[in-house]
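Both of the next two complexes hold chain A, though its partner changes from chain B to chain C.
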Partner chain A sequence: MSTSTATRTASPLSLIVQPLRNAHVQFIVFGALLCLLPAIAKAGGMRNSTLSTLAFVLIYAIVALGLNLLLGYSGLISLGTAGFVGLGAYLAAYFQDDLKLGFWVALLAALVVPTFIGLLVGFVSLRVRSIYLAIASLCIAEILLKTFEQLDWFTHGTAGKQSKYPVVFGLQTDRATMFIIIVIALVLVMMLTYNTVHGQLGRALHAMRSSEVAAQAMGVNVLKYKLFAFSMATLYAGLGGALYLFFLRSSYPSTWNLFLSLNIIAMVVVGGLRSIFGTVAGAFVIFAVPELVLKKLPVIGDVAGLPYIFSGLLIVLVIMFFPTGLKGLADLARRPFQRLRANRSESGPPGPDPSDRVDPTGPETVLTAAEEVRPA
Partner chain B sequence: MSDQEVLRIDHLSISFGGLKALDDLSFGIKDQEIFGLIGPNGAGKTTVFNCVTQFYRPDAGDVFLTVDQSRLHSRDRHLVDDLGQARLNLVGRPVHSIIRLGLVRTFQNVEVVKELSLLDNVLVGGHIDFKATMAEQIFRLPRARREEKTYRAKALSVLDFLGIGHLAGQLAGGQPYGVLKKLEMARTLMAEPRLIILDEPAAGLNDSETEDLAQTIRAIRDQYGCAVWLVEHDMRLVMNVCERICAISFGKFLALGTPSEIQSNKLVQEAYLGEQE
Partner chain C sequence: MDLVLQPFLRSLETGSVYALAALGIIIVWRTSLVMHFAQGSMGMFAGTAVAFVFNRSGMPLWQAVLVGVAVAVALGFLVDFAIIRRLKRATAVGKEIITLGLIMVFLGLAPIVFGTDPMLLPRFIPSGDIKLGDANISYNGLLNILIGVVIAAGLFLLLQRTKLGLAVRATASNEPTARLMGIPTRSVTLLAWALAGVLGMLAAVMIAPTTTVTPTFMNTVQVSALFACVLGGFQTFYGPVVGAYLIAVVSNFLKLYVSSVWGDQLMYLIILVFLLFRPNGLFGKTYMQKV
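This part shows the complex of A and B:
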């Protein structure tokens, strides 16, 4: 692959652009850029409240990536996301502040317990489908929510659980360092998600969504992959919950309600099913736009429940008029450039680059594999 | 073609709510044979191989598949005979385990993943080849990377063999029906099966595509050395390509023989054309 790409591109610009084609490099560059934000805030270029809003965007993006594995790739639905995020948050607080076991143990607990419960939901998903699965997962979230309200020794009930910034590697964190930890977590999650969906695992999930019967005929053990999808989704939710707690240092049961679950679904749908950057963009649109933009507008900004109206409208509009979401929008915007590139290369036929028609979630791998075997 | 049987269907019966869909049906398919199963509408053709592939559990009867030693799970190793093969009863085995034994099917209404490229769709058929664990894949460890590379090359060669290699990178959604049918066959070939079941492969194809299909079926048999079992409505295709044909009607066995024997068989003619006075 290196020979064919090297002959095609020779300009100095390509030295920068070429590595950026690699998805993992993209994620790392994205993360590195995000890491500049605390410094910008410190220098006075951004309000601290804006930085906090962006931190929550990134946390919800992690959770939404988990839901994308379920909803986008596996075709399974869950209305219980918020319950698992809340569980992660309370577990992190309990292990860090009540048991005083430190950051890593608290984080581990917030990952393991929700994943285990996610596995149980996976078993449920074998029996009930579509709307019934949605209801079953909603019930589990409601049970968790009631538990958060009643289980005083664990959650401090409706009074709310208070926590503090964790000590990581002997270092007392603050707002800025927690932000960077969140960015690192997000980049890791993006990379792992990318690996998950671009191999045999991802194809098995795709096959299962497309047709369970055909997937089984191809040797896909549906039980195994449903359990996998649910445990990944709840693992990400638990991670998001722990980061939420470490950043905000408090948790109230009322946060973990159905509205949050619906908002996470909105992030996935608006961002574009089966798109990693799309999901992050979706999280930004759904969470940050009402906070940072709409609330500051005259008249509209004063409407009560504005975020509800906004994400509700957006879901309806996207599903009706633009089902591919922000990802589809990005593809549309990229198309003229791809055409330009295709026209510039002499060997390639005029007209759209063949990669135009390739699933945007996996163009590199497909093309490089094709080039490897048959060099042009 | 050898005389060894790759599949034996033995006294198979199944009923759906009192309706006997299959009634004591028995026949066998030989190694590397192109075999046809025909019958009028509602004869139970699809039911037969849904019972074979374990989508349905038969009420009675057995389905024996001849399996190479290398494909066997360790717990079945004791069944191996002198030739390094075992006859396994498929009845009661999980659906997803059947392909590992060397038996794979296509679907009447092509079941491909529209959102994946042709290449990735073929790789779905190679699902069972991957040995890397989930963790190895999530962290993209060397074995997962190596396998992905190996099987991508293999999938591409399968697509090339079927003449659709130039479309490898394109999405399956939106491809013409003929391409999708070939894609489904490519997917079955990834598993290097001993027996392929094609469910009405000619449905929805025009005459030239059907002619092309007949050649493809022969090429698959010759290249991959597997038996092909067609369940088909299109008589021209069946008579053209099959070496032996089994005819059934109302779930009962009618006749088994070469295409010309079947064509001249009285029972078969009656089943298709109605009884003659």
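This part shows the complex of A and C:
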């Protein structure tokens, strides 16, 4: 990344710090740390309910990472996320418990079917205006929600579908092993997202974000990449749904309403667009903070609508005052340290100014434009 | 009972509700280029205020509706003045996500402000109906249809025939140019948000007697209004109104003749297929993006 590091003498500290610069190593270390949590819970250091809350944070982080690909890179909104997550959950339950085809087939079904439906919806709606995707996905979410309520042989209706912990590689899982499987899935998704964004696809998406017309002129098939981003979002949503079901072992139609989709959008916005760790942090803020903190507050903790107001206000305030979200906050906090490091390595050739390294494509996000937007 | 005319009259009744909500969405879209996803929830909030005032103070319904108008205008002003106007650098997507956030804020606020018990709201005209052959329609239903048609027509005249309407249309067509020509575009936008609020409130008060007033009672209206805009196209003011009545008619007939459970869902599928063939809506012109 920076040229000055090569000339710097290798101190013992830098031997540890240096590999951490690699994103994949970061993801694996993050995952390894998360894997300690079930052991901590078993030793009595954490309540089991807290562990469950954290598991849902990680599941929703997977879903939100997909939406971040969509929203962060192509500026498209999906209001159908909850429907696709729910579909993944019910498919996993149906294939595992009703058809008894085992964990892997159930997982595959939960990945393939939502992605296929996503491709169809995207193909119908993306040819017009970007905003039509939001409405079309809302359409599909309404249809799916009704399906969950009515299609008794598939979902058990409002009574809810019951399931059990899956058997993976001949091993009966329980709460702790399921948590570790979720962590593994999250780390894999983070890597996949990172590679997607830094590969050829990512370059096309970046180009589209700066100027769709310019990207088109350079030979980027805008429809294809928008479709790709949306199908990635539905793929992650299906995966999140399957993991949700395997962990909670039940699913009710009322879970998969519009407000879950809005909460996922809130996770992306609060975490920071196009930031992988930011999205995970956003999922924590939106899902775990109301669960672990707000509910315990005196007086206002009992108010039923509090989590809604919390998410809604955060969306409004973040876009108004701090559109880069938690990622921007982290960058801001890191800046003094970077300056310090730059000063310390004066003996070497001048490294790049850390403030230049923010984002090669400019600080504007799909939420804010550099100058006032021209009306279309 | 007439099995064609009867559901048709019922559809006109709900169609009027959808039309009012859709008009609110389209007028915000035309002046601010923002898809107003919170139209239904702001209408819900103001409508719940009407039910609250009506049930608590015992004042007549029309006075309670006037209170509702005041609440709706205040909400519209507040949202534009405190949020939308300050978003100089935000793109349309950013503003749309803000309206999505507002859905959650209003949904969370309503039970805190007005209590968690579901409320009831009576019809404007409690009883009496007209016979039309084998079909019948209540006076209240007729009033609802009239309100819908009169407001849509009035708004249309206002937009086409008055100076204010010209200002709105100019802002809709090109905001920076309109501002340079001396049109107070900020006031126009402020007015649009307030008007959207009032239309949403009216839709809420009209649909409330068929259900109970809870934070989610406007969900179907919001979804239908959005689809009405898609169906009618975003380029005209009358397109969404026609779309709204069409959606109500198709949905009612599907529910009656095809499936009472899956009627709405079938209609959503039809809309998706329709999008495939006429992506710009019934009255839409081909959308061209300027570079």
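Convention: the second predicted complex is superposed on the first by the 337 of 376 C-alpha atoms of A that agree within 3 Å, B and C clash if a C-alpha of one lies under 4 Å from a C-alpha of the other, contacts with A are read in each partner's own complex, and residues count from 1 in each chain.
Just so we're on the same page, a contact is a pair of C-beta atoms (placed from the backbone, for glycine too) under 8 Å apart; a residue touches a chain by one contact, two chains touch by 3 or more.
All of these numbers come straight from a predicted model, not from anything done at the bench.
In the superposed pair of complexes, A:288 makes contact with neither chain B nor chain C. Legend: residue contacts after superposition of the two complexes on their common chain; A:309 is shown touching chain C, with no touch to chain B.
Shared-chain residue A:201: touches chain B; no touch with chain C. By the touch criterion stated above, A:125 is placed in contact with chain C alone, chain B being left untouched.
More residues of chain A are touched by C (comparison of chain B with chain C). In the superposition on chain A, A:274 makes contact with chain B only, not with chain C. When both complexes are overlaid on chain A, the residue A:213 reaches chain B and chain C alike.
Once the two complexes are laid over each other on the shared chain, residue contacts for A:168 go to neither chain B nor chain C. Once the two complexes are overlaid on the shared chain, A:188 sits clear of chain B and of chain C alike. Chain A residues in contact with chain B (one complex) as well as with chain C (other complex) are 213, 366-367, 369-370, 372-374. Contact residues of chain A toward chain C in the complex are 71, 75, 77, 79, 121, 124-125, 127-132, 134-136, 138-140, 142-143, 146-147, 150, 213, 258-259, 262, 265-266, 269, 303-316, 319-320, 323, 366-376. Those residues of chain B lying in contact with chain A across their complex are 53, 55, 94-100, 104-105, 107, 111-117, 119-120, 123-128, 130, 132, 134, 137-140, 144, 147-149, 152-153, 156-157, 168-171, 187, 191. In the complex of the two chains, the chain A residues touching chain B come out as 192, 195-196, 199-201, 203-204, 206-207, 209-211, 213-222, 228, 274, 354-355, 357-359, 362-363, 366-367, 369-370, 372-374. Within the complex formed with chain A, the residues of chain C that make contact are 33, 35, 37, 83, 86-94, 96-98, 100-112, 116, 174-176, 215, 219, 223, 226-227, 230, 261-262, 264-265, 268-269, 271-273, 275-276, 279-280, 287, 289-291.
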